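Next up: some structures, all given as structure tokens.
Each of the two complexes below includes chain A, the first together with chain B, the second together with chain C.
After this line comes the complex of A and B, so read on.
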């Protein structure tokens, strides 16, 4: 993780992008959640917003991985002003749409969760690329 | 990697009870499904699923619960969820699933319904 420093009791915000690369493996997505929580917390999000971003990043990873088990998820977390942006791409895997079981509308559930929890999000599953992104504003920013 | 979720089961003549704890995500979903579907297949009365100790739930786990609900309906069994954490209830609300499930804030209330 880059761009973080703790100096005594003063916790500095993250000004550099934080990058995480994990194999597409279901039990490693929690690392994305942990990173999301850390970045959101450093960006001054309150407890509820941190929880929201954790879940939103989980859903983004699940959408981008789409049930596959090959390749790596590359995540970039960026705290910009009073928002956190996250970009998730799948590298090193052939695109095979529709792998994720969707028997009970799980994909639609993911979209509903993202719609509710973040300000903007998008997914680009065209061609050879699988990419998703989201942006969540801090609705209770502290003093600058 | 340390187990981040778990399931405990208890059965009586009248009802089946499952207590689920931890983070219900993509990694937990297959095991969760296994336990819940097996419980439905064994049950003759209501199935109570206690989610009081659940700290995280995502769309994958919600899909498992929807599948369990359908399985219960096919067998004429009532599925009753127990949850009171506002963070978890919020996920059911934003996905529009509060209408689908019977929910209670305590196990006692769920058993008495």
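After this line comes the complex of A and C, so read on.
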């Protein structure tokens, strides 16, 4: 879709993965949201889908951070065909090979929100590494 | 799904009741944007009722997923319609106020939500500016990472952090009684600041005072509370 003309403006699809590394800090999740929004926007997502992806990335970061505050979130954003994929990993998770008890149902809520906003998502962990990913398709793809 | 088949009012009510917790939880995700929590719960609850009425089980989506999507959509719309209540530079506020109607007009014209490129062309600004404005307008709460939970934060706990002295049930009761002695407006401001966790500017926008005025009222109220606390203890 690179080079598509749309209302006189050129859509510059980002074909290379975009990587971002941020400390586990809620005010910096803004950077992840903005990056996701930029990649989705360049991929021709409409404004509602961009908004949904932004919220979904927030929840993905919450899930991967799992209530911890150490380490850095490594995010990769990738526009593939008609979809955007986001992968988020955390090395140095405080809980090894598992998750904290979901005492307040926050994890369950995040999963529910991801179910509602994206097409696919998942998470896994090994040792002190935690990884979550999501994939959202463009519901109104423009001309190829 | 039984309700969709039979249209039984009682089943409908049961379904709404069973998912009210979800509406509350989702409303809480949007609480850092200057809107009272109760208002957000109301929006989310109405959206829940709407989702019960609109749900089509044949589509193969679980009701809770459909309801979550509907509630989030309504909460987003609420903020879009409600206007500006969060901290942002004036340039971004003005930009957002230009972008918002453009989204609505383009949605009608195109028969679908516009892309960021289309909005940028319509408003005459860069894509980056549109993204910046949309981010500011859709600020969201990363509740679980490091933000304190506003709904769980008691006045005593928060004031205790400032003063370092309020702890224990007796102290909390004394504090609650002292707060009740404050004028109504000061009570409301204390609640907005320490229970709902709003900033002074957000409170100022809500109660129709300047941020300086709110700051003075807060300082005076805290001084009165400290005085009452010291006197009684």
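We take it that the second predicted complex is superposed on the first by the 120 of 144 C-alpha atoms of A that agree within 3 Å, B and C clash if a C-alpha of one lies under 4 Å from a C-alpha of the other, contacts with A are read in each partner's own complex, and residues count from 1 in each chain.
Here is the rule we go by: contacts are C-beta pairs under 8 Å (C-beta built on N, C-alpha and C of every residue); 3 or more make two chains touch, one makes a residue touch a chain.
These numbers were taken from a predicted model, which means no experiment stands behind them.
Trainee: Is A:81 contacted by the first partner chain B, the second partner chain C, both or neither?
Mentor: Touch partners of A:81: none, neither chain B nor chain C.
Trainee: With the two complexes superposed on chain A, say which partner A:122 touches: chain B (first), chain C (second), both, or neither.
Mentor: A:122 contacts neither chain B nor chain C.
Trainee: Using the superposition on chain A described above, determine whether A:34 touches chain B (first), chain C (second), both, or neither.
Mentor: A:34 contacts chain C only, not chain B.
Trainee: After lining up the shared chain so the two structures overlap, which partner does A:69 touch, if you call chain B first and chain C second: first, second, both or neither?
Mentor: Second partner only.
Trainee: Contact-wise, after the overlay, does A:103 reach chain B, chain C, both or neither (first, second, both, neither)?
Mentor: first
Trainee: Thinking of the overlay built on chain A, is A:23 touched by chain B (first), by chain C (second), by both, or by neither?
Mentor: A:23 contacts neither chain B nor chain C.
Trainee: With both complexes overlaid on chain A, does A:50 touch chain B (first), chain C (second), both or neither?
Mentor: The second partner, chain C, only.
Trainee: Which partner, once the models are overlaid, touches more of chain A's residues, chain C or chain B?
Mentor: The partner with more contacted residues on chain A is C.
Trainee: Once the shared chain is lined up, is A:141 touching chain B (first), chain C (second), both, or neither of them?
Mentor: Neither: A:141 stays clear of chain B and chain C.
Trainee: Identify the residues of chain A that lie in both the chain B contact region and the chain C contact region.
Mentor: Residues 26, 29-30, 33, 48, 51, 54-55, 58, 62, 104-107, 109-110, 112-113, 116-117 of chain A touch both chain B and chain C.
Trainee: Taking the complex as given, what residues does chain A use to touch chain C?
Mentor: 6-9, 11, 24-26, 29-30, 33-34, 37-38, 41, 44-52, 54-55, 58, 61-62, 65, 67, 69, 104-107, 109-110, 112-113, 115-117, 140, 142
Trainee: Which residues of chain A touch chain B in the complex?
Mentor: 26-30, 33, 48, 51, 54-55, 58-59, 62, 101, 103-107, 109-110, 112-113, 116-117
Trainee: Which residues of chain B touch chain A once you look at their complex with the stated criterion?
Mentor: For this pair, the touching residues of chain B are 1, 4, 23, 25-27, 29, 56, 58-60, 62-63, 66-67, 70, 87, 91, 94-96.
Trainee: What residues on chain C touch chain A, complex-wise?
Mentor: Touching chain A: residues 22, 25-26, 29, 62, 64-66, 68-69, 72, 76, 103, 112-121, 127-128, 131-132, 134-135, 138, 140, 142-147, 149 of chain C.
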